[in-house]
Each structure stands twice: as structure tokens, then as C-alpha cells.
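Quick heads-up: structures coming right below.
In what follows, chain A forms one complex with chain B and a second complex with chain C.
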Partner chain A sequence: MSNINGKVYAMNAITPMKPWKTWILRGFFFVLGRVKPLQQDLINLSFIEFARWVVLPRRGFPFLGNGQKREELQYDYLLFFSNFNGTWNQYIDAFSAVLSRGLNLIWRWSEKFPGSVPVTPFKNYIAQVQFDTDYYYTAYPRATANDLKSAHIVQTSLDALSLRAQDYTPAQFAEAYLHFVIQVQAHLGETGDAPVVF
Partner chain B sequence: MPNKSGSLYGLTILSPIIDDEKATPSHDLQIRKYLAGLATDDGSPFALAPGTHLARLVVMDDVIYVGMPACEEHLKSKYLVLESNFDGELDDYLGGLADHVPEQLDSIWGHCVAYPGAGNRQAFIDYMKACQIDTTFYFAAINDKSLPETLRALHTRTAVADFIANHQGMEPARLQAEFVQFVAQLRSEPIPGPGTGGIARDIKTGGRNE
Partner chain C sequence: MSKLNATDIQGFVLRGYNLPVGRYLFLHLEDATRARKMIGQLLGQVTTGQRWDGGKPDSTMNIAFTHKGLAALDLPLATLITFPVEFQDGMKERSGILGDTGLNAPERWDDVWRGDRVHMWLGVNAKSPEALEARCAKLLATIQESGGATLLGSQDAAAVVIDGKPTTREHFGYTDGFGNPEYLGVERSSQPGQGKLLADGTWAPLATGELLLGYADEAGELPVAPVPHLLAANGTFMVYRKLHQNLATFRAYLDEQAALYGGGKEKLAAKFIGRWRDGTPLELSPDKPDFPLTQDPKRSTNFTYGADPEGTRCPLGAHVRRVHPRDDFGFHGKLIDRRRITRRGLPYGAFVPEGEPVSDSEDRGVIFMALNASISRQFEFVQQQWIGYGNDAHLGNDKDMLIGNHGGRGRFVVQGDTRPENPPFICSNMPNFVELRGGEYFFLPSITALGMIALSLVDPR
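For the complex of A and B:
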């Protein structure tokens, strides 16, 4: 079991849903995918690198023959995979505090979902439906989502300045460089080892 | 398409694991044992093949019973779950895996039902696609940058911070000359490879209370 690699945590959860309810959830995700302002809270939770929800119909499990038995299930299942920075408790706390309405719209169709507020029964539910990761890889183990965003801002600003750097007079360059430093100063810093969590 | 966000692809694969009561240890345990020893740094198969930002492999033993009044039910197979976030298109990515790390793929998926082996590139791609589940909603915090662009940007960020710190108050003509030289040197430097820089964790952790 290895849910952590560097600064990122892999979370897996699976919850059962009555099949008729999955269509409501699919409708919600359809709208969420097309109305970008509805994703703003998710974007603002800037410790999530990647996340996905997968509705797995009860007859949608891969069946390949060759001796495999076909699944016979009553429920559809909602799979949730998240890649986030920080600890499990911080993540669930933030989810509950910032995204409670959105989370309720996603998981209220799952059996026995208690609601995302208050947080204690919500955490108990997540712990119950979570399953552990066996192998976890990240291409940038020392970086958080905010590191990635900042790095791209610095790269873009540097590229813009370097395009004209040689054409400026020293005085013009000094001014452009000052502007560059002001642009990037809040995005500097080093990536590094993740803090050890106890 | 829900599997994509910008230029990123969110791949979800569930491969049924062979259920053979004569196998000792069982195939799911053999997968877990292999994964426990598999490199997670620049020696990872996902680092050796191009394009992967983050990926995980999970043995899903069963669905979870949440208690009454829900019905209790169980899967007839265990499944190996691959969750991957990568650049570009699916066929190219799967083909890249088959080209670069066929031995590792065979060691993992060789315990799955009807796995054809990575030696037959097209059969491997077809098999993985047969096990694919479409993502319903996919979120990528940054969905317009490739892995090489991201690795370069992280390298640049550190170098720029050092440059700024070391050039405070410098006379403009010299600052300009050193900046031009800095940029040229930065562009000529190799980008740190994917998966590098992490620290080895002797004890695999990340439990639910962390």
C-alpha cells in the first residue's frame, strides 16, 4: 500500500448507486463539464493536481471471457480518483468546508451518503468507501499543484523578457527586468522534499 | 470528450485478474508483490515511457458494502485498476508503453484475464482499450502543458529564483549581459527527467489517518 509519493496523495473511493440515480449524476457532470464557472471552487482548491469521477454501470465491468465470470450486480458504482497535495484530513476538511454543496450534488445519489457537513460522519463515510493504492507514480514528486502553476507563470514571463532582452538599451532592460521581477516574485521558490507526516 | 481535459487524457482501465484457485500465491497477490518492489522514481515504467504525469495501479478486491439498508453484493473477479494522466492520444500512449517497457507490462498484466502480452503492440492496445472505462468527469489543474514543458518550467523556476537573488542591485548593462548569458545557459541545460528528485520511503505509508 502506498497512497503517497513525494508531495502527492492518491485517493480511491467507490460508492454504490441505484441505477436510475446515475442518470441524474451523469446530467450533473454533463453540466459541470460545460459550464466552467461551476468548476471555480474545484480550481480554487489549488492542491488538486488531477481528479476524476467515473460512473461504472453494473453491466459495464470489462468482460473478456476466457473463464472470467460475468458480474451480476444490482448497483451502479461511482469511482473517484484524486491526486492531491497535503494530508488526507486536510483534504477532506477542505472539501467539506469549500465544496460541500458540490460534493452533496455528486454523492447524494450514493447509498448511505451522510452529506459533507458535518465533517465527522463525512470522514467516516469516505474512510469506509476508500481503498488503498498499490503503486503510485508522479513525474514531479517534489512539486505541488501550486508549484506547477507558478513554474509556468515564471517560464512564460522569462520567455517574454528573453525575446527582447538583447534589443533593449541597458536603461530599457532595467525597467523591463524590474517589471519581470514584479511579475514573478510571488511565484518563486524551490520545490523540495515532502514533509514527513506522522 | 470526458476522457480529455485540454491536452491531457485521463485513462481509467479495469483489467480482470485471473481467478485460479491452484495458483499459489494468488494472481492478485503476485501483482501486489511485484508492484511493491517496482521503482517509483526515474526507473519507473511510467518514467521510462513518454508522457505520464501521474499514474497509479490498484488491485480492487471487491466493491464496498456501506451497510443496511443497502444491499450487500460482491464482485466475481478482482480487478487491476490503472489510473493515468498523460499527454496526447490514447493509442500513442499505449503504444509508447508497449515499445518502452514491455517486460514490466507483462509482469503486471500477465496476471490478468486474456492479456495478450506487450510484444504484440496492436493486440496490447486493443486489450487495454477493451478494459477501458470512460471517465464521466475529468479535472486537470493544468491542462494545456505537456510533461516536458512542465519539467522545464520547474527547472526554470528554481534557476530564476537563484538568478534574481544573486543579481540584486546590479548595474543595468552588466545585469543585461548576465541575463542574456543566463537564458542561453538555461536553454542548453538538460531538463531533469520525469520521476527524479523524490525521496525513497522505506516504509510505504499514506494511510487514511495521514
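For the complex of A and C:
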């Protein structure tokens, strides 16, 4: 049971929201989902594999009958789920440094959210609302998102070269090979063990 | 921000002395009472950050302690446990995190670093070997008389002398010392490229709290620091690492690879670190060195990598690009502003000009001393993530070409283009050009804090 599997970290955080505030957040998510440039900063953090926020409405929890007691929940909940490469500290530091405005818009509706700057109260908050991962499968524990993207580029370029190379003269091949190397030269990092967590 | 109280800050923190010779003494504190008395005696001789209006002094002296040293001085336990964990651990305990394994493992370090006996660092820098000897003799007499400490060992260091003049070259032949950042409040002539990058492309000094405890840092908060505040404020942490250079291996490897590389030997050497050996940044002058550029503070550090995302000018894995990525990770460099360190230190061992016989076993290298407010957030992060690993630079597990702990399996891609003089090239089977021979984490207190320690006035509340 660990949040870490090789080079990937899984983070789950659940925060309560007063139900009237949930509507404001829904409005913000509606805009965020449709205006792509607003997502750009999050996408540009290349060590984040993905990040997703989901609203769990207080009346949306399953009721099975069969003697289960009816509950009247006071809060809606915001589930945050993200997979990223690197350390917990690195992740939150980066969030706080470059995404603070966006994060504040998402989380300020949650109870006791201190703001994402300064970073220490923000880290304390995340640590308190984080739920540890019980089971975590990852297909490539020795690779990061960057490594996988690189691998795709190398594979695609190699496939294209080998397809064309069948009919090349040695001189043509030499030139094509040079262009292939230039295509992949920024994507040749090795995969391997993750650094020691700290 | 107003100027800092330079008389309360050790001079070593605020400026590189630029003095040609140095000696670092490593002391073991014997008895808390006598050791405190000794610190009281040394206190008046500590070089502060006060301006040298009357010219440079003949010599300087500064003091720092390990966590064990602070414990040996009987600081209250309530204070000792408030120091950051990595400083309490010490560098040896952090070897896994730092990648100090294999050839760099603590078992292979110099004797003085293998035990846990170093308590205190006493750094002396001087204008001449004579001034150095005189100052050290005086200091050692004070130490001996006090009975407070014994000398475990010392390390001499000196600027490499070429044609009779001290230089800023290191043993591999590269010109060193361009990269130190600027901080708010620290008096220094300003130079574009040495602080933090702003959204409009200009540079500004980093927050003081990236260097000194007790001031706001780049995240807008005070760095983690021990209590009481007075003990921490105006102090900083120092990382000391003795980096042995395998000069014969480096020269042989460069020759061997240069024979296969179309751009020539000096260009390959430049691709390794991102600067020509005279210091010209590849990013500004990719085809040839440009010495006048290196002498112009408006230009020598004034560049970014945004126009070179493929690394065809300066390779993505070149040393200077790794350790100071500038705008490389986007967000106008914002992701790196809290990862900067200030480097002090000098080479040690005899300089051997190229072409003369040389051996790896000769004692030579660089004494790396880095100052930062948070060892874990700054030095350790840079060492682990940017030197021993490559994901932020999209380089997978590749390590820093020059100082990575390769163990014979290192790889370095020199990105290129279609021009024959700038071909893509892959260096493989890289050995360790640099090996760690020991080191430790130190706390460099303010003058006030040294006084508190000497008088046993550290009150944790």
C-alpha cells in the first residue's frame, strides 16, 4: 500500500464544500472545460500525467435500502485525483508556483482551504485531506510521462524510416538516417529506476 | 527592500572573496564549555559582510557547524530538533537521496569524512600563501590554547595559476564561476542572467530568503529554520563536497570521442558543459569562442534556451543547462526560482596543462561549497533531480555529463543539425569524470548567533 509505484505518484484528496458553493465551482468547471487556453498551464507541467477534479454531490451517494440508514449529508465533496512523476513536494511546489490562481478558483469553495500561496499552509492542507492509495497499478513503473511520449516519437520515426528505407541507395539511406537521428535526438533518454523519494 | 545588516552576516555568505588561496580546517569540539570559550575568542576575527572600503584584507576567516557540532556545544535539545531534517541527518545519511553510491559511496570517502567527528568548519582565504600560513598559525594557536577543539584535518585549495596568474579555470580547463544568482538586499553589481527571469524577459534578484534564513523566500514565506529566530536569522546552510577530478580519464575520453565527432575537439568539450572552455556560452556563440563576450557582464550570462528547444546549440543535457535551466521548463523560469544555490569554493591540487602526463590518482579536484536557505529544497533537489536524473529536462534517467555518477554506463546526447560541423552525436559508456571524496552539511550562523552560542544564550522558549 503506497502512493508510489516506480516513477509515478497517485494523489487523492477529498475536501468538503458547502452545497451552495458547489454551484459556483460547477460554473467554473463549465468554463474551464470549454476554454482550452485556460487548461494550458496545467498541461504544460510535463511531469503531471493527469489531474482531475470531480464533484461528489451530497445526495449522490448510493443508497441501497435493505436497512441502510438514510443520511442527510451537510457537505458536497470535491475529489481531486492526479498521477504525476517526481516527489510530492515537487508537485505541490510547482502547483503553488505556477498554478496558484487556477487552484484557488477550484479549491477556495472547499472548507478551510488556506490558499495555494504561501506553500506551507497549502501543503499542510493537502496532507490533511489526502487519502492514501490502497492499490496502484501502473503499466510502466520505470518510465515517466515524458519517457512514454519520447518512446512514441522514436517508434513512429523508426517505423517511417524502415518503411522508406527499403528502396534507398546507401547515399539516400545515409541522408535519411541523419534526418531520423535529428528527429529523435531530443527523445533518447533512458528509462530506469526512480530516484530515492525524499 | 533595504540593504541587509551586512555586519551581522558572515562575509562568506554575501560575497565570493575572490582571493587566490584557501584552507578549510575541520575541527572536533572536545568540551562544550571550552569550545564555547574558543568561539568567543574567534568571534571578533570572523569576516563579516561589511564593505571593504580600505581594499581587500590579507585574509578572511569564517565559521560553520555540523549538527553534531551544535550538539557538542550543548545547544538545547528543543533547539537542536528544530533544524531541518536533512541537516540533522548529515550528508552521509543522505547518500541514497543524493545518488552518492558506487564510486561516490561514503565507504570510499577520505578518512576525515567517514566518521562523524567533524563538528566545525573554519574557512580561511588569503591573498598569498604567506598570508594564509600566518593566519592559520594564529588561529591554530588560539584553538590549541583554548583546549576546546582538536584539528582533524585540513584541505588546501587555490585558484589554478596559468602563466603566473590566478585564474577562474578548473582542472578540466573550463572557466568557472559565472552562475551565482543575485539576491534582494545583497550588494553586488547587477548582471542580467543571474537572478530570476521575469515574464517580460528581464532579470531580477531572487528573494533574500533563498539565501538567508529569516527573510521571505520566493514562495513568500520564511524558510524552515531553527528556533529561536535570533539563532537562525542572517544565517544559512552550507553544503561542502570534495569533488575529485579524474583528469586523465576526462582527457582520454574527450580525445577518443573527438576523433569520432565532426565538430572538432573544442566544440565537443563545449557541448559537454554548454560553454566553450574560455566561458563563451554556446547559446550565444555556437560555432566559436568569443572571449570579449565572456568579459562583458551585460552579455556573459544573459541568455535563455527558448529559441533552442531541441538543443542544437546547447545540448539539453549540457551541464550549465541542467543546473540552471533558465526558461527551459516554461513558465518564465518560475519552476526553478526556488532551486537556485550560491557556489563558493576553489580547485585543489596541481594544475597540469594539456599534453603533459597526468594520472587520475593524483589529488586534484574542486572544493564545492554551496550556500542555500534549504538544503533539501535547493541543493538536494538539484543534485538528485537535475544532476543524477533527467526527467525535468526530458532526458529520462540520463545523468549530468560532467559530474554525474555514471559508473561506466553514462550516456550523453549531443543534439545537432544537418551541418557537418554540428552533427548529432552520442557519447556512451561514460565513466565518472568526477568522484565524491567526502563532505558534510553545515550551518553558517550570523555574528549574533555565534555570540549566543559562545555565551550559551540559546533559549528555545
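Heads up, the rule we're going with is that the second predicted complex is superposed on the first by the 192 of 198 C-alpha atoms of A that agree within 3 Å, B and C clash if a C-alpha of one lies under 4 Å from a C-alpha of the other, contacts with A are read in each partner's own complex, and residues count from 1 in each chain.
FYI, a contact is a pair of C-beta atoms (placed from the backbone, for glycine too) under 8 Å apart; a residue touches a chain by one contact, two chains touch by 3 or more.
A quick note: this is a predicted structure, and the numbers were derived from the prediction, not measured.
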item: Touched partner set for A:132, first chain B, second chain C, both or neither; value: first
item: Which of chain B and chain C A:46 touches, first, second, both or neither; value: both
item: Superposition-derived comparison: chain B or chain C, residues of chain A touched; value: B
item: Partner chain(s) touched by A:144 [first = chain B, second = chain C, both, neither]; value: second
item: Partner chain in contact with A:77 - chain B first, chain C second, else both or neither; value: first
item: Which superposed partner A:124 touches (first chain B, second chain C, both, neither); value: neither
item: Which of chain B and chain C A:188 touches, first, second, both or neither; value: both
item: Touching partner for A:89 - first (chain B), second (chain C), both, neither; value: both
item: Intersection of chain A interface sets (partners chain B, chain C); value: 46, 89, 147, 150, 181, 185, 187-191, 193
item: Touching residues on chain B, where the partner in the complex is chain A; value: 2, 8, 10, 12, 14-16, 18-19, 31-32, 35-36, 38, 40-41, 44, 46-47, 52-61, 63-64, 66-67, 70-71, 73, 75-77, 79, 81, 83, 85, 113-114, 130-142, 145, 147, 149-154, 156-158, 160-161, 164, 172-173, 175-176, 179-180, 183, 194-195, 197-199, 201, 204-210
item: Contact footprint of chain A on chain C as seen in their complex; value: 94, 96-97, 99, 218-221, 309-311, 316, 329-331, 334-335, 337-338, 376-377, 380-381, 384-385, 388-392, 394-398, 411, 413, 415-418, 423-424, 426
item: Chain C contact footprint on chain A (complex, rising order); value: 7, 41, 44, 46-47, 85-86, 89-90, 93-94, 96-98, 117-120, 144, 146-147, 150, 178-179, 181-182, 185-193, 195-196, 198
item: Residue numbers on chain A that touch chain B, as the complex places them; value: 1-6, 8-10, 12, 14-16, 25-26, 29, 32-33, 39, 42-43, 46, 48-56, 60-75, 77, 79, 81, 83, 87-89, 110-112, 125, 127-143, 145, 147-152, 154-155, 158, 161-162, 165-166, 168, 170-171, 173-174, 177, 181, 184-185, 187-191, 193-194, 197
